[in-house]
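Chain naming follows the written order as A, B, C and D, and within any one chain the residues start at number 1.
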Amino acid sequence: MRKWTKTSEFYVAIIILVLFVAIGSQNGAFFSSANMFDLIRSSIVPGIFVICTMMVIISGGIDVSFPAIATFSMFSATKIILMLDLDLPVFVAFLLAGIIGLGLGLINGLLIAYFKLPTLIVTLGTSSMFSGFLLTFVGSRQISNLPPALEQFGKTPFIKFTTDAGITVGLPMSVLITAAVIVIVAIMMKYTMIGRGIYALGGDPVSAERIGFNTKFLQCFVYGFVGFLAGIAGMIQTTMMRSSNPVDLLGTELLIIAAVVLGGVRITGGHGTVIGALLGLLLIVTIQNSLILVGIPSYWQRFVIGALILVGTGVAAYQIKRSSSKRSSILT
Amino acid sequence: MSNHASKRRGTDSSYDDLSFSIKRWLSSDGNLTRLFVIMVLVFVTMAILSPRTFLSLDSFSSMAFQFPVLGILSLAMMLSMISGGIDLSIVGIANLTSILAAMVMVRLIPEGASAGTSLLYIAVGIVCAMIVGILCGLLNGFAVAKIGIPPILVTLGSMQMFMGLAIVITKGQAIVGLPEQFSAIGNGSVVGIPMPLIIFILCIGAAYLLLNRRPFGMKLQLLGSNPTASRYGGIRNTTVLLKTYALSGLLASIAGLVMIALTNSAKADYGTSYILQAILVVVLGGVNPNGGFGKIAGVVMAVLTLQFLSSGLNALHVGNFFKDFIWGIVLILVMVINVVSPRMKWKRKPAG
Amino acid sequence: GGSTPGNNKGSGGTNKGGDDGNKKYKIATVVKLTGVAWFDRMEEGVKEFGKTTGHDTFMQGPQKADAALQVQIIEDLIAQKVDAITVVPFSAEALEPVLKKARDKGIVVITHEADGMVNTDFNIEAFDNLEYGAFLMDNLAKAMGEEGEYMTTVGSLTTKSHMQWEEGAYNRQQEKYPNMKAVARKLETNDDQKVASEKLRETFKAFPNLKGFQGASGNDAAGAALAIEESGLIGKVNVVGTSVPSVSQKYLESGAMSMIGFWDPAEAAKAMNTIAVKVLEGKAGDIKEGFDLGVPGYNKLIVKDGKYLYGAAWVGVTKENVTDYDF
Amino acid sequence: MPKALIELNHINKSFAGVHALKDVSLRIDYGEVHCLAGENGCGKSTLIKVMSGVHAPDHGEIRIDGELRSQLNPIEAINSGVQVIYQDFSIFPNLTVAENIALNGELAQRKKWINWSKMRQTAKQALDKVGVDLDLNAKVEHLSVADKQLIAISRALMHRAKLIVMDEPTTALTQKEVRALFRVIEGLKRDGISILFVSHKLEEVFELSERITIMRNGKNVISERTDQLNREKLVYYMTGRQIDESYYEVEKKTGTPLLRTDNLSLKGCFEHISLSIHPGEIVGLTGLLGSGRTELAESLFGLTPATGGLIYRDGQAVNIQSVQDAEGHGIAYVPEDRLTEGLFLEQSIERNMVVSVIDGQKDKWGMIDGKKVKSTVRSWIEKLGIVAHSPLSPVKTLSGGNQQRVVLARWLAANPKVLILNGPSVGVDIGSKEDIHQVIRDLARQGLGVLMISDDLPELRQNCNRVLVMKRGRIIGESEGKSFTQEVWSQLHDGHDEEAGLAENRGSTA
C-alpha cells in the first residue's frame, strides 16, 4: 500500500491540507460551515469544466473552447426560451443548452477525428468562431430577466440553514447536477469500455485503432460529450448568476487546465483521475477564495496567487520526481 | 561491404547543394507554401473588398506599427513551444520589465537632464528591462527544467506573479511621460520604415540565426522532439531549457519596450490579449505544439495574415466579434487545407 | 498643458469645414470593449446621432479589454482617414501617442472618461470622477446610517476611473463620515459578477460586521446584491455602485441593492459626437463655460484648462425611479 | 489444393511515394508454423498490417477461410481469428498490465462495461501461459522492454485465435523468455493454431518454422518448406549475397586498460563491479533482465552516476557525473531502446547523426557549418552503408537496421575511445547485422575498446574476446568469447547459486 503515496493526487491532497491549516490558523472563519459551503459553491461551474478538461486531456487532446461553448449554449438557449415565451420546465432549458453544446462540441470532434488536426489549434479556432458568432449574430446584451422557471431554479436551494451569525448558508440545486456529472464520469472512465477507450486513445492512438477501438467515434464522443457538459455548466452559471451574459466565462480556460494538470492529469494524455482533477480545482479555488480571509492586501493578491500556484505545483512535481527516481533494489 | 553500400546508395543528389533556392525552400515544406498562398489570398481578398482604404500607403504604415509587438511575442512563444512547452508569461514579463524601464527613465532621471544624460538613462532602462526579462525567463526555465513542473503550470503561475508584481510596483497606475527620444522608437521611422518594424526584423534575424544556424537551435529542436533521446545523445537538457526560457523572456522584454514606446506609457495590463493571439499565430505558423518543429518564416507569415485580416475587416467596419468569427474560420480552413491537399496530391500521382 | 482648443483644432477643422456648413463627416467612436450592455447602449447613441444629423457615425471596439487592441483599432481608423475619432480609452495614457498621430494627420479627437488627456481636442466627462465617487458614498452612508464597516471593489486595479471613484468615495467618507470604516478596499473583481459575489461572501466572513459595499465596475453591485440576497443579508449589508437599470432593477426592488449610479452612455456618445462636429465645423470657439450641447445632462458645461469639459450627467437610481429607464 | 486459413493474393500497397508491397502473395495453411523472412524494410510488417486490417491494400485480395474479405478492419480481423503481436508491441503505457492483456478481448466481444476482476483473471491466465509473473496492477510504462513484449505476446495468446502473427516477438527477450515462448508455440501448434513468425534470428527461424516465405524489396522471392532450405540459401535469398560466420580474432591484450572499474556500485542496482577493457578488445556482457547490466552501462555513461567505486580511463581515475563528463573521457553509449532513447523519430537523419558532435561543427562565427555537417553525414552514411532516400528525410522512415546504424554513426562520429553497445543488432536483419559487426570489429582493430551488451549468444560468440555474465547486480562469471555457448551460459548463470530456480522478481526494475 505504499503505492498511492507515489501519486500526484496524494501530494496535492497534502498541499491542500497544509494550506487549510495555514489559512485556518490565520483566520478561524476559514473552517466555518459558511466558508466550506462557499468553496463548494465556487466550484459548481468550474467543477464541470474540470471534468470536461480532464476527459479531453486524458484522451490525448486539449480543449480551450469549452468556455465559448458554455457561453454560446447558455445564452442562445436562454434567448430561444424567452422567444418561445412558454413556461417550459427547467430541464428543457438544460437539455436545450446541452444539445447546443453537443452540436458545437461535435464540430470540434469531427474536425479532430476526420482531419486529424491538432486539438489545440482546432479548439482555439472554434472558440474564436463560436464566441464571434454568438456576439455578432445572436446578441451581445446581457439578459437580466430570465425565464421564470430558470429564475426559480436559481433561487431554490438544495441545502439551506442559518448560522448563529444570522447568515443564510446554502447551496443551489445545481450542485446536484455537478455531483451527478462527477459520479457519472468517474464511473464511465473506470468501468465502461468508452472510458477505458479514452485512456487507451490518450496512451497510444495508433495501438488503440489496432486493437479495435473506433478512435474516430471515441474522439467525437469526447468532444461532443464535453460540449454537452459545457452547455449544462453554462446553464448552471446562468441560473446561479440569475442572468445570462454572453461574455461570461470566457478566459477561464487556462486556469481550469492548470487545475487539472495540477491534479496529476498528464498534459501528454492517458493519465489522470477524477479525484485528482477535483483536488487540483479545490487547491486553486481555495487559494482564490481565501486571500481576504488571510488579510492579503488587494494589490498583492494576484502576486500571491501566482506564487502559490508555483509553490504548490513545485512541491508536487518535486516529490513525484523524487519518488519515481527511487528504484527498488534488485540486489539481494 | 563497400560494394554492398554502393549498390544500395540512392541518396538524393540535391543534398549537397548548399546554395539557397526559394523554390526548394518553399517546396521543402508544403505547409509553408500553403500558408504563403493563404496569406496572399487574404491580402487580395481584403484589397478587393476595400481597395481604397486597405491598399493605401497609410494603411500599410498603420499595419507596420501594429504587428511587430505581436510578432516579437510570437517569436518568444515559438521558442518555448519548440521545446515542447509553452510560455504564458510573456506578456507578464513584457509589462513587468517595461515598467521597470519606464521607472528608470521617468522616476530616476534628474530634472532638466540634458539630451545626453537622458539618452544614458534610456539606455540604462532598456538594459535593465532586458536583464530582468532574462531573469524572469530563467525563473521559468528553472521551474520547468530543474523542478520538473509542467511548463503550462509554471508560466501560468509566473504570469500571475509578474503581473501581480507589476501591480504592486505601480499600484495599478500607468507610468507616463517617457522621454521623447524613447518614444521615437515606437513612433518614428528610419528611411520610411517604422522603428517597431525594424526591431521586429532584427529579432527575426537573430532568431533565425539562433534557431537554424547555431548548435543551440538544433539542440532545442531535438530536445523538443524527444527529451529522453536528447539526454542520451549528450545534450544538456537543463541548459537548453534554461536558455530557451531566458531567450523567451528577453524577447518578451523587447516586445514590452516596443509596446511602451508605442503607447508612451507603461502599465501592468497592457497587451493581455496578446497571449492567446501569440499561441494562435505560432500554431498557425506551423509550429508543432508538441515540440520539435517550427519555422520562423511560418510564424512571420501567420502574423502578417492576421494583420491583413484584422486591418481589412476594420476597414469594412465589421464588428470585432465578427472578426473573431472570421479569424476562427480562417485558422481552421488553413489547417484543413494543410491536411487535405497533400492527400489529394497522392491520389493524383501515386508512388511518385 | 497650455494648449487651448482654439489653436489646436487646426488643420482638419478648417480645411474641411470651410466649404460647406452642411458637409457630412465620417466620425468613428472607439470604446473600451464591445458586447457589454454599457457600450451597446453607447452604440445606440452613436447610431441615433448619425440618423438625426446625417453624419456617417459608427462604433468600434475591441472584443477584449486591452489597451493594445484599442491602439490598433485607432491605427486602422487613421489609415481609413476618418474625420473625427471619439474615444473612450481603456487606458488613457496608452492612447496618447496614437491620438497624437491622429491629430497630426488632421483628425479631430474627442475623448470621454479620460480626464487630463493631452492629445485631444476636447475631453468630456459626464462628471468629475472624484465627485461621482463621493456622490455614491453619500448614498452608501445614508443607507448605512453613517456608521459601520464597508468594502469597496474595482474592476481592475489598472482601471483609472474605477480607482478615482473609489478614491473619491473614500475621501468623502474620511471627511464626512468618521464612524464608517473601510475594512477592505479596491478588491479586484475582473468585471465579473461571480467574482464580485465571491468577494462579498469572503469579506463578510472575515468581517462579520460588514454593513456596506460600494462597487465600481458595472458588474460589481449586481454580483454583491446576488450574494446578499442568497445569504439572507438584505437590510444588513447595503450595496451601492455603478450599474445599469436593466441589470439591477430586480435587486433594487428586492432591497438587496440600495442605489445605483450611472450616466447614460448614449447621451455621452451624443455629446462627444456633437463636440466633434462643432470642431469639424470650425466652431470650437463656442465651447465655453456654461455652453449647452443640447444633450440632456450636458446643458451647462464646466470647462477647465480650456479643453476639459464636465457635464452633470450622473443619475442616481433607486427602487422608486428605476422603471424610468429602459436600458 | 485444400483451403488455406488465410490467403493473400497479388497485394499491392503504396505509401506516399513508397511502393511497399509489389504483387505479394502469401498463403498460410491450418496449423502451420510459417516464417516470413527478409531484410529490413522489405515489406514484412506492411504485409502483416494488411492481413490484420490496419492497412487497406491498394490492389489484391484477402481470403480468410476461403472467404473474400474486401473491407477488413482490425476488429473484424480479430473476430476472424487473426491475432497480431506487432513489431512495436502496440500496447498502452498508461494502462495496467491486466488491461493491456485483457482489454481487446473484451472489446472484441463488444462488451460495454468493464469487469476488473474478470480482466485480471484473464490476464493472469495469459501470463501463466508464457510463464511470467508480473504485477497485474502495475502500469506498463514502468516495465522493461522485455516485459512489454511479453505482455504483447500474452495478449495475443489469450484469444481463441486461428492465426497468431508474431512480428519479431523475441527482439527484447533474453534466453529464458525465448525458451518459454517457444514452448508456448509448440503448444499452440499442437492445438492446431497457425503461426506466422517474423524474425531476423536465423536459429529461431530454423528451429520453429515448417515453411518460410522470403521477401525482398516488397516482392515475394520464394516460399519453401524449411527442410528444403539451409542457412546459406536462406541468407542468399534474403540478401542476395553470401555471409559466412566469422569470428573476431585478436591477440591477448595487456597493458593499461582503456577503461577499468574498481568495485563500482550503484545503490540498489549493482555492486562490486570490477572490469577492464583494453584497446582493441570487444568485451561481451550478458545476463538476464534485471541483472543490472543496463544500469551499469548507464553509470559508465554518466546517466545515473555510480554511488561507489572508481572508474579509470587510461589508468587515470575519473569522475563521471554526467553524459558530458563521459563524452569528455571518450565514452560513447548506444542505448538499448532505439525508439525512445536513441532516436528523434520525426527529425531528419542528418540531425540524428550529428547531435552528439554538433558543437564541433561550427564555423568561425560560431554558426553551424553546413558543409562540415554534410560531409560528416555523408561520410558516415557511406561508411555504414545506410540506405536512405535523403539525409533530410525523417529518421522514422528508415527501417530498423538503418535506424540502428544512424545511432551508431552518431557516436562513432564523436570519435570515442570506449564504445558501449546495448543490444547493437536488436531487430536488425542478418545482412545489416553482419555489416554492423564488421564496422565494430574494424574500429576495435584500430584501438577502440568495446563493451557489447547482448542476449544474442551467436553475436557474443562471434565478436567478443571475453564475455562477462551478470546476475543480481554482480558479475558472476567470465568466459572466453569463442567458447561461449548455450551450455556455458547456463552453467555460469545457474551454477552461481542454488536459488536459481526462483522466479526473477521483475516489474519493479524498469
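Just so we're on the same page, a residue touches a chain if its C-beta (ideal position, glycine included) is under 8 Å from a C-beta of that chain, and two chains touch if they have at least 3 such contacts.
From a predicted model like this one, the values you see are computed outputs, not experimental measurements.
A.B. asks: Let me check something: if the centre of a chain is the mean of its CA atoms, which chain is farthest from chain B?
C.D. replies: The chain farthest from chain B, judged by C-alpha centres, is D.
A.B. asks: So the centre of each chain is just the mean of its C-alpha atoms; given that, what is the distance between chain A and chain C in Å?
C.D. replies: One centre to the other, that is 35 Å.
A.B. asks: Averaging only over C-alpha atoms, locate the centres of chain B and chain D and give their separation in whole Å.
C.D. replies: 42
A.B. asks: Mind checking the centre-to-centre distance between chain C and chain D? Centres are C-alpha means, answer in whole Å.
C.D. replies: Centre separation, chain C to chain D: 72 Å.
A.B. asks: Please set out, as single numbers or ranges, the residues of chain B touching at least two other chains.
C.D. replies: Within chain B, residues 167, 171-172, 319, 321, 323-324 contact more than one other chain.
A.B. asks: For chain D, write out the residues touching at least two other chains, lowest number first.
C.D. replies: Residues of chain D touching two or more partner chains: there are none.
A.B. asks: Which positions in chain C are in touch with at least two other chains?
C.D. replies: Residue numbers touching two or more other chains: 34-35, 63-64, 157.
A.B. asks: If we use the touch criterion from the header, which chain pairs count as touching?
C.D. replies: A-B, A-C, A-D, B-C, B-D
A.B. asks: Of all residues in chain D, which touch chain B in the complex?
C.D. replies: Where chain D meets chain B, its residues are 14, 16-19, 58, 241, 303, 322-324, 327, 333, 335, 340-347, 351, 354-356, 358-359, 361-362, 366-368, 370-371, 374, 378, 381-382, 384-385, 387-392, 410, 414, 431, 435, 438.
A.B. asks: Give every residue of chain A touching chain B within the complex, in rising order.
C.D. replies: 111, 115-118, 120-122, 124-136, 140, 254-255, 257-258, 261-262, 267, 299-310, 313-314, 317-318, 320-321
A.B. asks: Which stretch or stretches of chain C touch chain A in the complex?
C.D. replies: 34-37, 40, 63-64, 157, 184-188, 192-194, 197-199, 201-206, 208, 222-223, 226, 230-233, 236, 246-247, 249-250
A.B. asks: Going by the contact rule set out above, which residues of chain B touch chain D in the complex?
C.D. replies: Contact set of chain B toward chain D: 1-2, 4-5, 8-12, 14-16, 18, 28, 209, 213-215, 218-219, 221-222, 225-226, 228-236, 292-293, 342, 346, 350-352.
A.B. asks: Which residues of chain D touch chain A in the complex?
C.D. replies: My answer: residues 52, 54, 74-75, 78, 84, 86, 89-95, 99, 103-104, 106-108, 111-114, 116, 267-271, 290-292, 472-473, 505, 508-510.
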